[in-house]
């Protein structure tokens, strides 16, 4: 029994970070599933995270009560971002969102009233890992319902072929606007959850690294199903821990090599609905 | 007034580094369609290779630079073949390539840290031109002049290559659609290899020159160039070498002047705001024409 | 001077309190310290030195049998790459590992800020080796072996003004580093109090690499003296750029210039730039310091620097806490023992009082590199 | 000269060609007819190296080109004018044409003169960015690019598709001229009328197989057969 509780104690924070990364990855997946590659989730997370932190610090309320504020903050920001970015096409939007990430850090550094500036912000608030997991499960349920809803079908159509989607009476712009709003709300939530996990926010907390964590999680896990984002975040969070245990001297290299091999051999990610469909079809043929 | 002129020169030299890096970064993006996060490590490794050539092999300055440039090119070639070629063969898109490039970024950055013993190294005094020329009382450091000259030569050379030569046409054709190029007999694989090498070599040159003039040869060298080079490519338009060069130099000058006359904390903000503004107002960059999306 | 007196007093009291506590000694066995390393990432150059110093101390203590027969002190290390998220996971693994009695970490304040609430919650003793954010120590759990540079910067600035009699001064500061901003503020205050006019402040960022333009800007202010309050790589770059552009007047540095790698990289360019130092291999005077320099140089084939000295003291400090305990100590008893320590023994500084969980050093020596790579008191000939 | 036998190809699990055999003789002009989705384009793409066949032999002058990558097929002397034309849009007309130098066949100046001779329109627009030209002009450019590789056999995939009738006439006039000059041609066309009027021999495809073959005149006369297979 000791062994079990020790293992839990040792890896509960890994599980926590995996859950937070999954939420952030779902934010990126939300837009990607409507055909938009955007790194702006980092900015929603930053806004939601810092605002949520301030709410917790000043109103003295717990993270669960600060969550709605963060969701709202992320949503509002994503609305503004969508208004501007949706005019751009294809990879220009990806580049613009990357620029937004870079600007986010500058803003964070220069808005000490909200962010603590270079000193950072200490947030002595805790959230049990179990609650965090419950929140993630709830979010997964929402994504599952979304996937089978009218919106989910429309998003898939827009991703595959915007022209065809438009001819079926779906406005690609409107669908993508909804995708941005979902991404913003989820991103804001992820930001505040990350803040609670770290208990300390610095200007580097929401920056390029986390952008790459999000996108790598989504692609690694498989960008054609929401479960991919969750699976990818789990793997991406666990890889460094495993690498540290197996090859402590070269853990970063091992981490990179593992990422490389997964992508080369499973370029569509770990969770690939197309492969499932094929396997099912093959089974039916054999039967 | 002289201070202003000095700072403009400083900005030009700094911007020339951004420009050189951006040219390589843009070539890969335009021709191979890859947003390559590992590109900065080519610059770091080129500088490390040039330093090793100087210290271990005792090569003179021009040969050491050449060694660095070739190392940058070969590294780019290697990364392309390992990280991108398998995905190309499977028809996997730009996203998977972005992730494999991040993987190589992690790997090469980490190895560069080991190679330099986690230190920031520098080229030994006397291993590079360090003379200070003067125009009136204004100091003109030899490395700054050399950097600007290298940028000009590289820009015009590569611009002519891409726009005027048959090989350049093949590069642009492969960048647009590999099969369409092959219908004319072009071997897309060779063009990809040559482009990767050229891109790595150009960014490698930026790395070597930056390593010398900033006295910082370490894994962090490439990262700074990557962000600013990225900005230069977007502002200048990734399919035009001249645009990337002009944007790089302009960013360098803007940075220096902002820091001198406004504030350092706003410096990067202005760079990136400029970047975002350009994307929104003129997404195709300075020289971009009504273009064709990759097919 | 007042500060020195208080330290001396603390030293005396600490020294007197020391020997009485020793009891039956520890049970034989392996005593482990969880060490969160920063051997990769942006500040790995310093992280490695801290780690090497700590490694050496653990080996020496085990070999000496100081903690009792069959008592081994070992480091369990986990890498964080200066990433708070990874450091948090490392710390949780240490806390879950019952064989680990104490932990050590952190150069970056952000990492320290993330780990502090965790160890406070778990009652796990943590000794910080590099982070300088104010208010980090919190006995009986969190201690800091970081040599706080603020007072030393003030002393150096004052000394430089006394020696060189400048009329004007300009400053370089890492604008995105809270510690250096505070250090510059302290230095500037002292210099202005001595009647020297501030003609300009040049901000740089920690990740900057090109310093030609900032150097041009500073020279443009035509100051008699330039004081540099930045992290190591920018400080090197700034001094090199200032000298390359012909600035021949006084440049005042800070303790980041002391590692031997700085001279190896910059050569004579860095000569005659004064900086404060609390430890230097070249100036080691006490037997402890000399033995440390000799053993370190033998083991790692390079002399120790200020970072290795602090890493070394982390383990010495923890060992000192273990020394007064007996049987099988717990984290709580170790924390309580550490809280009792008034002065760290042995130390490489010639005196290291502990004040509210924060280590301090007795003295500030103001030194500079000579043209042939030695560290000598500044100005030379004094 | 071009001899295809037992050629099979598929897209994923879907079989698109099975056991196709056909022959193009020296200076010959052969048409492949078929309804939409009969596998004509797959046939052309498979022969030209744009799509990798599952099985079969493609002999060009006795050399098997079935496993060669696209650019090597071009260099071996087989040039495709694909459906949808696939000109390199960002390049100018002349850049598109001169790209074909990489095929390394024939004298560039002579070939360029021949193309401009055949399509004076291209000469007028040679500095024009090709992506901005009309469909007909792009079709001419695609044929020109293929001719620049001095092919032994020219493969034309639906050259009339999407073009105005007047332009179709121009393009087919050029094709006839080429044939007269001695160019071997394999033509895929949905418009059977026009194809049979210019070709000597024709194959008819249905569901990925050749279901009929014969001299063009004979097929032209057999209205019932055409009706059965082409609708």
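Quick notes on this one:
Residue numbering begins at 1 within each chain, and the chains themselves are lettered A, B, C and D in the order written.
Operating definition for what follows: a contact is a pair of C-beta atoms (placed from the backbone, for glycine too) under 8 Å apart; a residue touches a chain by one contact, two chains touch by 3 or more.
Predicted, not measured: the structure shown is a model, and the values here were computed from it.
Steps from subunit A to subunit B, taking the shortest chain of touch contacts, total 1.
Two chain pairs are in question, B-C and A-C; the one with more C-beta pairs in contact is B-C. Farthest chain from subunit D, judged by C-alpha centroids: C.
Between subunit C and subunit D the centroid-to-centroid distance comes to 76 Å (mean Cα coordinates, whole Å). Averaged C-alpha coordinates put the centre of subunit A at 38 Å from the centre of subunit C. A straight line joining the Cα centres of subunit A and subunit D is 49 Å long.
Residue positions of subunit D touching 2 or more other chains: there are none.
Residue positions of subunit B with contacts to 2 or more other chains are 110, 265, 268. Multi-chain contact residues of subunit A, defined as those touching 2 or more other chains: 109, 252. Listing the residues of subunit A that touch subunit B in their complex gives 37, 84, 87-92, 94-96, 98-100, 102-103, 105-107, 109-110, 208, 212, 215-216, 219-220, 223, 250, 252-253, 255-257, 259-260, 263-264, 267-268. Contacts from subunit B toward subunit D in the complex involve residues 166, 169-170, 172-173, 176-177, 179-189, 239, 291-292, 295. The part of subunit B that touches subunit A in the complex is made up of residues 35, 37, 82-83, 86-87, 90, 92, 94-96, 98-100, 102-107, 109-111, 227, 230-231, 234, 265-266, 268-269, 272-273, 275-276, 279-280, 283, 293. Considering their complex, residues 3, 6-7, 10-11, 13-14, 17, 110, 113, 117-122, 124-125, 130, 132, 139, 141, 144, 210, 213-216, 218, 220-221, 223-224, 255-256, 259-260, 263-265, 267-268 of subunit B touch subunit C.
Taken together, the subunit C residues at the contact with subunit B in this complex read 39-42, 44-45, 47-48, 175-176, 202-205, 207-214, 216-217, 220, 232-233, 236-237, 240, 244-246, 261, 265-269.
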